[in-house]
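Step one of this worksheet: look at the structure below.
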Amino acid sequence: MNGNEFGRLFRMTTYGESHGDAMGVTVSGCPAGVELSVEDVQAELDRRKPGQSMITTSRGEPDAVVVNSGVQDGYTTGTPIGMVVQNKDARSGKYEPYVTAPRPSHGDFTYSAKFGTRNWGGGGRSSARETVNWVAAGAVAKQVIEQSDYDIEVKAHVNQIGDVEAPEVSFDDLREHTEENDVRCAHPETAAEMQELIEEYQKEGDSIGGSIYFEAQGVPRGLGAPRFDSVSARLGQALMSVPAATAFEFGLGREAREWTGHDRNENWEFDESESQSDSEDASGDEPRARGDPRPVGNKHGGIQGGITTGEPVYGELTLHAPTSIPKKQRTVDWETGEEKEIQVVGRHDPVLPPRGVPVVEAMLYVTILDFMLLGGRINPDRLDGQAGEYDTPYHPSSPDNE
Amino acid sequence: MNGNEFGRLFRMTTYGESHGDAMGVTVSGCPAGVELSVEDVQAELDRRKPGQSMITTSRGEPDAVVVNSGVQDGYTTGTPIGMVVQNKDARSGKYEPYVTAPRPSHGDFTYSAKFGTRNWGGGGRSSARETVNWVAAGAVAKQVIEQSDYDIEVKAHVNQIGDVEAPEVSFDDLREHTEENDVRCAHPETAAEMQELIEEYQKEGDSIGGSIYFEAQGVPRGLGAPRFDSVSARLGQALMSVPAATAFEFGLGREAREWTGHDRNENWEFDESESQSDSEDASGDEPRARGDPRPVGNKHGGIQGGITTGEPVYGELTLHAPTSIPKKQRTVDWETGEEKEIQVVGRHDPVLPPRGVPVVEAMLYVTILDFMLLGGRINPDRLDGQAGEYDTPYHPSSPDNE
Amino acid sequence: MNGNEFGRLFRMTTYGESHGDAMGVTVSGCPAGVELSVEDVQAELDRRKPGQSMITTSRGEPDAVVVNSGVQDGYTTGTPIGMVVQNKDARSGKYEPYVTAPRPSHGDFTYSAKFGTRNWGGGGRSSARETVNWVAAGAVAKQVIEQSDYDIEVKAHVNQIGDVEAPEVSFDDLREHTEENDVRCAHPETAAEMQELIEEYQKEGDSIGGSIYFEAQGVPRGLGAPRFDSVSARLGQALMSVPAATAFEFGLGREAREWTGHDRNENWEFDESESQSDSEDASGDEPRARGDPRPVGNKHGGIQGGITTGEPVYGELTLHAPTSIPKKQRTVDWETGEEKEIQVVGRHDPVLPPRGVPVVEAMLYVTILDFMLLGGRINPDRLDGQAGEYDTPYHPSSPDNE
Amino acid sequence: MNGNEFGRLFRMTTYGESHGDAMGVTVSGCPAGVELSVEDVQAELDRRKPGQSMITTSRGEPDAVVVNSGVQDGYTTGTPIGMVVQNKDARSGKYEPYVTAPRPSHGDFTYSAKFGTRNWGGGGRSSARETVNWVAAGAVAKQVIEQSDYDIEVKAHVNQIGDVEAPEVSFDDLREHTEENDVRCAHPETAAEMQELIEEYQKEGDSIGGSIYFEAQGVPRGLGAPRFDSVSARLGQALMSVPAATAFEFGLGREAREWTGHDRNENWEFDESESQSDSEDASGDEPRARGDPRPVGNKHGGIQGGITTGEPVYGELTLHAPTSIPKKQRTVDWETGEEKEIQVVGRHDPVLPPRGVPVVEAMLYVTILDFMLLGGRINPDRLDGQAGEYDTPYHPSSPDNE
């Protein structure tokens, strides 16, 4: 409604402008009993932070997160987790020329048209700096999932920059190679090509678009409410919220328009690899004669009828080129009535997907956990706990904390 | 949450299964004072209904809507509008073979995995029959918008079927040509090609995918809340909810990944065509020296920073091929443990976009109206009314209705 | 937001005006696998329906409910349950005099002030007729709870009419005596007095206020989210929604203002009655040395810190006297500018609590079930089911239903 | 859902435990262009803060608020306002004895039963310390309303402590006398009596209950959505959320049960005091022949049919006695199985209503503003602004802020 809330049972509420005093996120609905440290969150923020390499903005933000509530003696308490990240290296002066002379294709004009004002420093609320909040919330969601009975893992990488496209990679490649290079492409050779391309545009004072491939393994079957709360619809909202997103696809995505039903449909077979005893454990009943029905292939991207099949959920997100570029452009000043030239100096990323990788992963963790809670797979009150049992609280932190 | 609600201030809540007794939608948050007739709703339902042509299912549904509340003497009263469409031509028997033997790539298995049961006739709740509710709600939204002070118009057409792609068309083409042919493609020559292609696949017992282009003109600038409630994120959810959707794009969409910032960015200029007196009316203040800032071009699809610019909002939605096809496929029966052949007879569309056009338009009307209400452009209580004024109610329908 | 939705995971969305065509309610979020028949719902509606006795309105409504979706072969499917009740005996003509001359203390004026119009027949949307929807939804919630592993029971009765107050009664009295008399007071002698009092006011063309006592037994400890979603806050909303409600209390209620902490506080003791083996089963761990902590007494009304203690949840709801009375009153016509006398003929209840009893019970069932789902006590997808298991669907209703 | 969010369009999201690092609140949906200073918020926090007098806890909290976002150069920007208050004087050691031995009637046990753990210092999340967040949000809402076109004012005072009841006071008394004494009772003589009573219980190591009367003047007619979002239902939720609340009433409240319809109903008359030209301005049409219909009296508490009439909205909230008292009580330790004596030392208020007054006022401001936005009376995007106009942003704070 107000644009700063995402999730239903697991939910983040954010605030902050690029050059405001601080960014903040409140995570509501995190079950109690999850081991959570500041380091768990910081590790993800460090993947997203500026100044990591030559191809990211040089803004020097430590992005040190402070956890104000909801965690005691290293475990979550079930109450809201308030986190704050101070903004340290804002240099707003450089943005003064754009106060009434909007940068081309940035949110400058639309924010002013909506609110009659805006925090104009660094792009204010429209800046991708906001995603620091998302990554912090995603880090919490990731911990909950990792400590649950489910073996879910989310990975993303940069699969295209400009016209340089990575070949298909395995999930193991995503695990091993994504963080090896500045571009965060899991295919090392392509990463090198992408790096070269980016630097070229950067030198020209220009920027370039790209895309992120994401994949979630281990998502159990049966998640997602039919229709408007289908997994595809909610991922659509989650990922189209990412700054600069212009296309969201899952499974065959845009290509599906060219496939026939017969070619795209995937027959069902029994999953014979499945151990019978597992099957028994799962149902609590007599074992099935055969394994679970399983589709031959995953062109459907892990989602059928809006609900997960148990196959990996995967797709792509396209991010347009950063709009803030040093190259000459033209704009108008609506106060003075002047037409003028504009060269956006400041410190800006020449390409978005590399730093977008942890953002996309965070949104996936948040969305998947939310579906897990809504589908009764993880108890909303307490992880691995017995509802209504009071048990022993975590130990008092210190005997002398008066 | 439960999957059957969409919208925040203007909101629809739906129910119904393909072969259940009836489909129903409750429209909440419609302002009072909007002229609304059953015919207004029926006209849109007729565009969507089955059996319109050779390339739609032959199921014979009149789809006659009944309005149970919220309208009095031809005007909305501000209270919820309950609508019901009876299902008349359900033939569930044909679906019995699939009760425990799921059709390939349909929602049969995932619904059962989620709920442990499902209304299996005609695909039950997962059937695209549900969209009859959306079109009814969209028809209400359209009336509200058309009777408001704003001149907003939404049109969609089928821009690709298989590998047959329509050239770019004008908004006037959309207005004039879309409804002229069964495919609902605004480019008549392409429509003919598409028709041919569809019939070919139909003859083979197969189906084919396609896509829908949509465009909304007259959407005022400044709509959309930053971030998770941006226009792009909410459209992402709205349109990825459409049955069979696999990709959502706006503006340059997927192609944006290949564009540089300089090429994609659009300079600002003054809109000199704008009449000074208009500008004066709008602001209530002294006229601006020059027209409004306006981007040179609309590669941004009417949305910058998640908020509308005032340029047309446009994009594309990809729908995969219908999964129910007569061609032979294979499946398994999880009850008997048998592997078997399957030929989905029943009555099914060989392609989805032609009937999807009114569905997409409906979702856009609902989404845009919701943003208009949230942004204070249309009063949530009463259209063109003075808040707190009680005035004269609509005339009693009849003196002798006791 | 729009006033016609209640509940979070278990949720009802309603529509309908007193003299409109039909009342309708969509129940979203009902788990699959619950045995549910039209008769289950009808039985509760019959308790609420008009014309039951001399002290209810003589409007002759069969209130026959139709279930349009969400149930198959006698079991819920997890998808929305759409229900409709036709209005059969509306006589709107009698309301014409009030179109622009509001009845004293009724919603006539405020509805017109909000919407600029209103469905004026029978009070339209402001009529207590709306509660037929609530009772239908409550009947569904009751079935879910009764078929769950929990032994929760909700009962209400009329504990005061005018100055006639019932003595405290036991839960068994509520079970046995409430439905024995027209007043729905579980204390038969008081019921007789109340009946007499009501008839007296009725004869005078007047009406009278009263209150309802409610109690829920078996509500497990640990339900309710801290703060704004506490059990007390949500019951506050739920019950203050009941037409004519002017006061909501739980536990000591209003009297608590006169109690000291020491007198109101309840010491903790071990519940020695508790069977050790039960305790073992519940926790899955070794049995506790002693029983559960249990407060000595229940002045706290089953809620501490906004969360349930496991003791019965009880309280009171006050309903003011019906405003539609035959006795002479004065009003003004805002259209003609006339001051005039008014005698509200129509068919009206002389007192609200007797028919309010099933309404209050319904709201409690809905609210409690919602908390059970939110707290992970009942799986939101399927009752007693194994998440992700697809098992056997309910049997096809008939082999020849084509 | 998660208990830490309140409001629909104007919305607060809170976090924090009594002895955690900090309390925090995010205010979403505040229109842009509202003058707002840290001092505006601090002034309200100072009314609520501990250590103000002998009859409040001696905990020494400065409660200094920091505003992290959403405000620029003294004006709101329409984006979320993040506020943080550090906890400075927490002495958790004193609470160690209660970790597994719950204080009588406090939330200690229920929180542990729900979450399996809790932040046990100072009552953690169940502490009334949380209301510091509400008061901060209320201060923002108050500024929005005060700077709007509406002349709405909310006041509350303590109208009963134990059996000492204040006589009815005027709104002017509320304005003038409430803040004059430590008890915050607008009737000075009664305030003195209350003070004496409180001190007496305090000396005995006991505490006492009480109640708060609230009144909102200038609330325009026509606010509130029918039924579940009625003003009475939403106030019911808002105020029953206040820690220790056990009863909520409006208008005649609990007494209404003893009134007849004829005595309680209020006839309509024309408000002849109303200036004709005002009426003309408001409607934009020809002036009405007579003033507005107005009820003779306000036993209805400003709400009819759930919607405001334009008369003052008033009611009462009962708060039970604080449960943390030095007097001897008994409890059990669920870990050791011991029964034991308990004397809650720490620093606690002997009575809640005096510090509850600003909390109740805050909840009313938040609720009323939310209804104003939902009813289209205040534009959700910008106060007094022209939707879609971009105008001039607030002046850059400083030329040299790089």
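Chains: A, B, C and D, in written order; residue numbering restarts at 1 for each.
Note that a contact is a pair of C-beta atoms (placed from the backbone, for glycine too) under 8 Å apart; a residue touches a chain by one contact, two chains touch by 3 or more.
Protein identities per chain, from UniProt: A, B, C, D = Chorismate synthase.
Keep in mind it's a predicted model, so treat the numbers as computed, not measured.
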| item | value |
| --- | --- |
| Shared interface partners, meaning chains that touch subunit A and subunit C | B, D |
| Identity of the chain that, by mean CA position, is farthest from subunit D | B |
| Whole-Å separation of chain centres (CA-atom averages), subunit A against subunit D | 36 |
| Whole-Å gap separating subunit A and subunit B, where each centre is the average of the chain's CA atoms | 27 |
| Centroid distance [mean C-alpha coordinates] between subunit D and subunit B, Å | 42 |
| Numbers and ranges of subunit A residues touching at least 2 other chains | 1-5, 8-9, 14, 79, 109, 113-114, 125, 221-222, 226, 292-293, 310, 334, 374-375, 381, 386, 388-391 |
| Chain contact topology (line, ring, star, complete or other) | complete |
| Residues of subunit A defined as touching subunit D within the complex | 1-5, 8-9, 11, 13-17, 20-24, 26, 28-29, 32-33, 66-70, 72, 75, 77-82, 84, 90-94, 96, 99-100, 109, 112-121, 124-125, 334-335, 381-382, 385-386, 388-394, 396-397, 399-402 |
| Contact set on subunit D toward subunit B in their complex | 9, 79, 220-222, 226, 282-284, 293, 310, 374-377, 379-381, 386-391 |
| Residues of subunit D defined as touching subunit C within the complex | 1-6, 8, 14, 101-102, 104-111, 113-114, 125-126, 130, 160-163, 201, 206-211, 221-230, 232-241, 245-254, 256-262, 264-270, 288-290, 292-293, 295, 300-301, 303-310, 318-325, 327, 329-332, 334, 337, 339, 374-375 |
